[in-house]
Amino acid sequence: MSWTRENRWRAALVLAGVIFTLAAPGMLELFTIINLSTAIALAILALSLGLIWGYGGILCFGQTAFFGIGAYAYTIAAVNFGGSSWAVLVAILAAAVFAAVLGYFMFYGRVSDVYMAVITLTVTLILYSLLRRTSGPEYKIGDALLGGFNGVTSPPLNLPWAPYMPLFPEHVFYVGMAVLIIGYIICAWLIQTHFGRVAVAIRENELRAELIGYDTRFYKLAMFTIGGAIAGAGGIIFANGVGRVTPDIFNLYNSALAIIWVIVGGRGTLAGPVMGAFALFYLTSWLGTQGVVNNNLVLGLTLIIFVLAVPRGILPTFISWWDGARSRRAMQRRELKVRRKRGRRSSELREAADEK
Amino acid sequence: MKSEIVVETRNLSMHFGGVKAVDRVNFNLRENELRCLIGPNGAGKSTFFKCLTGQLSPTSGDVVIRDFNGTGRLPHQIARLGVGIKTQVPNVFDGLSVSENIWLAARRWHGAARARSLTSQTVERLKLGDIRTDPVGQLAHGQRQWVELGMVVAAEPWLVLLDEPAAGMTHDEIERTVEIIREINQQATMIVVEHDMQFIRMISSKVTVFHEGRILIEDSMDVVTADPRVREVYLGNSAS
Amino acid sequence: MSFDRRTFIKGTSLAGLTLMAPGIIGRAKADDTIRLASILDQSGGLDIYGKPMADATTMAVDEINAAGGLNGKQVELINYDPQSNIQFYTQYATKAAAGDKAHVVHAGITSASREAIRPTLGRFKSLYFYNTQYEGGVCDRNCFCTGSTPAQTVEKLVPYAMNKFGKKVYIIAADYNYGQITAQWVKKYVTDNGGEVADIEFFPLDVTNFGPTIKKIQAAKPDMVWSALVGGAHISFYRQYAAAGMNKSVPIASTTFGVGNEHKLISADEGDGILAAYTYFQEVPGDDNAAFVKRFQDKFGADAPYLNELAARSYEGIQFWAEAVRKAGTADRMPVIEALESGISLAGPSGPISIDPKTHHGVLNVYLAELKDQTFNIVETHNEQPPSDTLLVCDLKANPDQAKFYFENGLEAAGIK
Amino acid sequence: MDLVIALALQIVYGIASLVLISLGLAIIFGMMRVINLAHGEFLMLGGYTVVISTNQGVNIWFAMLVLAPLVVGLIGVLVERLLIQFLYGRMVDTLLATWGLSLLFVGLVTSIFGAQTATTISPPLGAIQIGDYSSSAYELFLIGVTVVLLLLVYAVLKLTKLGLVARATMQSDDMASALGVSTKRIYMITFGLGAAVSGLAGGLLAPVTGVLPSIGATYIAKAFITVISGGASILAGTTAASVLLGGINGIMAFLTGPTLGEVALLAAAIILIRLLPTGITGRFFRKSL
């Protein structure tokens, strides 16, 4: 990894994250720290989607499926094992395996982008409905009752060497920040490896990547699986932050929310989605404390305005503004692209006509 | 001097619904040959090309590349035989820079160091040095075509398949492209799909003429242009 | 295996992860008001329950303040809307307890939300009131459950309904803990009263097509149908049941019909004859209740929702807590808990209410009612019924330091399953 | 025997209601590749139209069959003009926008009409007797309406100039523009049509299920699963998936109970998506509409 401009920014960000983590107890109130765990969990989910969608070009509308599977697998395993160390591994593995299986069917089945979005969403909704139907006492995995609609209470994390000494909610904050920062570093490293650059190339032009000999299916699958594993790790933090997992984790609202963080924060960046998650979390959180306007109304309107006015997301827009010259060039590039797209489309049409 | 046959199709057919875009084509290509495929619009040459490169899976018949049965394989599997492919619409990575584009092709085959040197060599060779850090999406059409050629070359293929490499180019650009193609041909066997007669004359190679999904005639450019059937096909079908 | 975080509060400092004393010292809230936090879903799917509860909460606090507050202090209502999203429950509960330093938190509709926040409130020593009818089984000294539990209402309604309709009962229930447990209690009391259960069916909460079940009911030919259906989607059942002409031949009894304002959402024709049992109906007789209903309707005007058990419990839960604060002379947690356990009682709109000190559940009047023209007519009143189900498993007097949720809610103790 | 007939009728009804709740989504997705997350709210708005207008004294049949599709269709056109039209080709942004729209509608309706609405409309037509069993005659009516609706949409797509142009537009808007067709108008009409069908469905179901601002959420998952299982063809896909999923659901619900009935439906959907990732019509009946 070389010290490019981007990497200097990334290093600064990581440093800021570390400083924030260490300074938080002195700066913030206890409840803020505890409540941050949930926001951090969501940010990890956003990061995973930012990776596979922003860099892998895979529009997964069901990233919460892996997040939720991580949370559920963690909870069930922790209840059964009586400690969290194995449960953490089980959770990440379960999420990764599920992503790998789903990804295998989609990528090796050559499913188109639109269908990929809808299939991942559908699978998530299926999980949602299935888990809501497990309230009977017969739905039990080991010692863990699935609890249906009401969900399961998640046992807290513990340190690997002290299985019967659970962490306090405020300590989960540290674990969460560590996962987020390490996850961010992994993602930032990954996109600069040969693997990551091929993934980006596939996002740019899948056919060309194939024509120079890359098996794009494999790369997408690997990316998808890694994303699933990171989301699963986020799920563990989420289960700890909320203290409970319920099927609602898989509902449409949350699935859509994940996409929205990435769009609001900026696709094609890693920090953007993370910021998007934090921003929207605090917006919705704040909305719940004002009793004037209907929350759905405000949130809905905000999103619509966002789509129309800031379609590129906060971070890219900010970077453009920060670096004026760059932004002018980017603008030219966009124009050219559009022009070329038009040209390409008409030549494709010609080609189509050619075949018939 | 008869060299080895490296590309062969046997009764290759590709049907779209009821339309026989390629109809039982038997085609042979020998090592180090430079072959142009021509024909009017709808003759089936592009479909044929896509069957060769794995972009389409033929309805029936076989594609054999060296000893490898390439029928119904995926593009990356064909590419991994050492085949360089350039499609009709410029397929490049718009968001990446010129050298990144070429690096990705070189890196598929070589370690990091070799890939780097191969990249700079290729950039040199195609005279793309001035624009090497520019995003490909910003470049002019002709330059994008060359970047794509660069990606083909950087992989050091022994067989190169080009679909309309000169489409949309200015006269000067075409001349430059012809030069590049001649240069590539020194190390690789080539198939070039083209309908610009001028361009083919400049390359001066053996020509296969497609018509209605079949091979109409296969000979040198002079013979082909003199052939009355070819004239009829071209005058009759592309009256513009 | 069961442990909870409270057990580990004291004295566990973890190597490398010890938190510095958070900056809350010196920022403790000024003590000139008493802070009451309310966390109820006022948007999202649960708002049909949360809205009336929130309205009743507002009214209770306003009335307390209008009457001069508690012990000379005003009550500050801190209102949170978790938007039917469980993660916000944990958030707001933490904020209310650790941030706002609320003296009491009245919160939660679903059992999931209650179980998400109960440990948090326990940990931060914030007194917790849960004012919703639920499946029973919470056994936590810090937590007071003022809503009715299945045994309270089911025990009374089953014999009345069987007497009126017949002995063969077909049970349909919502497929979640509350529905499952209620169905078991219904089954128990039906059998105890010499009746027969034809079948029990559970319905996922989003089911809207009850056709196959209606056919099964027709095939089973029961004397009555017992409904423990819950939520907006399940209202479809009553419509479809009536549309198939069944409401005329096989009547319905329920302890869940009405709390989602079902009786207003279906027509008079569809609903006439349905039997229900709650610890409160808007139609409960008496001047206290008439005045309460009038005050509520005056306050919220034409938009005032029907006052159901949830709303009344929210109102009375706050009034009851206020009574304890007055008695304790302070809003501090332990004195208030002790006051609540001391057997104080309050004449609320629903009648006299008190807290059973063993379970911290309400001792409440139970009303049986029959629906006619979208209005419940009270047909029987049972005074001051104890939470007999939770009593089977929970004794906080003997064992005050527990903070548990007995999921199976004494079903086992009652000899079921 | 009576039971078999009554049950068969019930299953057909289950299938018809699946078709009803999915068709609007299928039209908009199939023809425009727009994933409309506000679909459930279109159904909800249809329901509200019926409830409110009948409470105002409008004839219920008129409210269901004319007003609901008209009002929601107009809302659809409005939405397309004000929002969707700026987002063509930006699938993800459309997703985001329609999701925002869905929240907005729920919020608006809640703010205006409250969290619950007094719905006093009950299914008209009364009950019919099949031996020992009785069914709602309204269910029969709904089955009939569904069949007519399918035929109607088929006719529009297959026979009218609008349908032809719409299909061409969906193939490639350049081509249609070259033919001198206003693509804008076509998209607008298609979106309006999809919304109108959803409105009609919501209106028809209102007497059976009642309406709440959040009722859309109970429909959307099923509608999505049906459309995806069905695949690209709007009519054949939706119908085939509804028959399959609705049939399985109905039979299992009767044999084992509603919970397993729903589980069976979802399991069938998973298997289907596994075997046919592009839906039933991605594999079979490809040429169909």
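Brief remarks follow.
For reference, chains read A, B, C and D in written order, and residue numbers begin at 1 within each chain.
Convention: a residue touches a chain if its C-beta (ideal position, glycine included) is under 8 Å from a C-beta of that chain, and two chains touch if they have at least 3 such contacts.
Fair warning: this is a prediction, and the values are worked out from it, not measured in the lab.
Seen from the C-alpha centroid of chain C, the farthest chain centroid is that of B.
Averaging C-alpha coordinates per chain places the centre of chain B 48 Å away from that of chain D. Rounded to whole angstrom, the centroid-to-centroid distance between chain A and chain C, based on C-alpha atoms, equals 37 Å. Distance between chain centres (mean CA atoms), chain A to chain D: 31 Å. In terms of their C-alpha centroids, the spacing between chain B and chain C amounts to 74 Å.
Multi-chain contact residues of chain B, defined as those touching 2 or more other chains: none present.
In chain D, the positions touching at least two other chains are 107, 110, 217, 221, 259, 262. Under the contact definition stated at the top, the residues of chain A that touch 2 or more other chains are 129, 133, 136, 294-296.
Of all possible chain pairs, those that touch are A-B, A-C, A-D, C-D.
Of all residues in chain A, those touching chain D in their complex are 59, 61, 105-106, 109, 111-115, 117-119, 121-123, 125-126, 128-130, 133, 136, 251-252, 256, 259-260, 263, 293-304, 306-308, 311, 345-346, 349.
Chain D contributes residues 29, 33, 35, 37, 83, 86-87, 90-93, 95-97, 99-108, 110-111, 172, 174-175, 217, 220-221, 224-225, 227-228, 259, 262-263, 266, 269-270, 273-274, 277-278 to its touches with chain A in the complex. Chain contact summary for the complex, chain C toward chain D: residues 43-45, 47-48, 50-51, 175, 201-204, 206-213, 215-216, 218-219, 232-233, 235-236, 239-240, 242-246, 260-261, 264-270, 303, 305. On the chain C side of its complex with chain A, the touching residues are 1, 3, 5, 8-9, 12, 14-15, 17, 19-24, 27, 42-44, 79-83, 85-92, 94-95, 97-99, 110-112, 115-116, 119-120, 175-177, 179-180, 202, 204-206, 407-408. Taken together, the chain A residues at the contact with chain B in this complex read 194, 197-198, 200-201, 203-205, 207-216, 329, 332-333, 336-337, 340, 343-344, 347-348, 350-351, 353-356.
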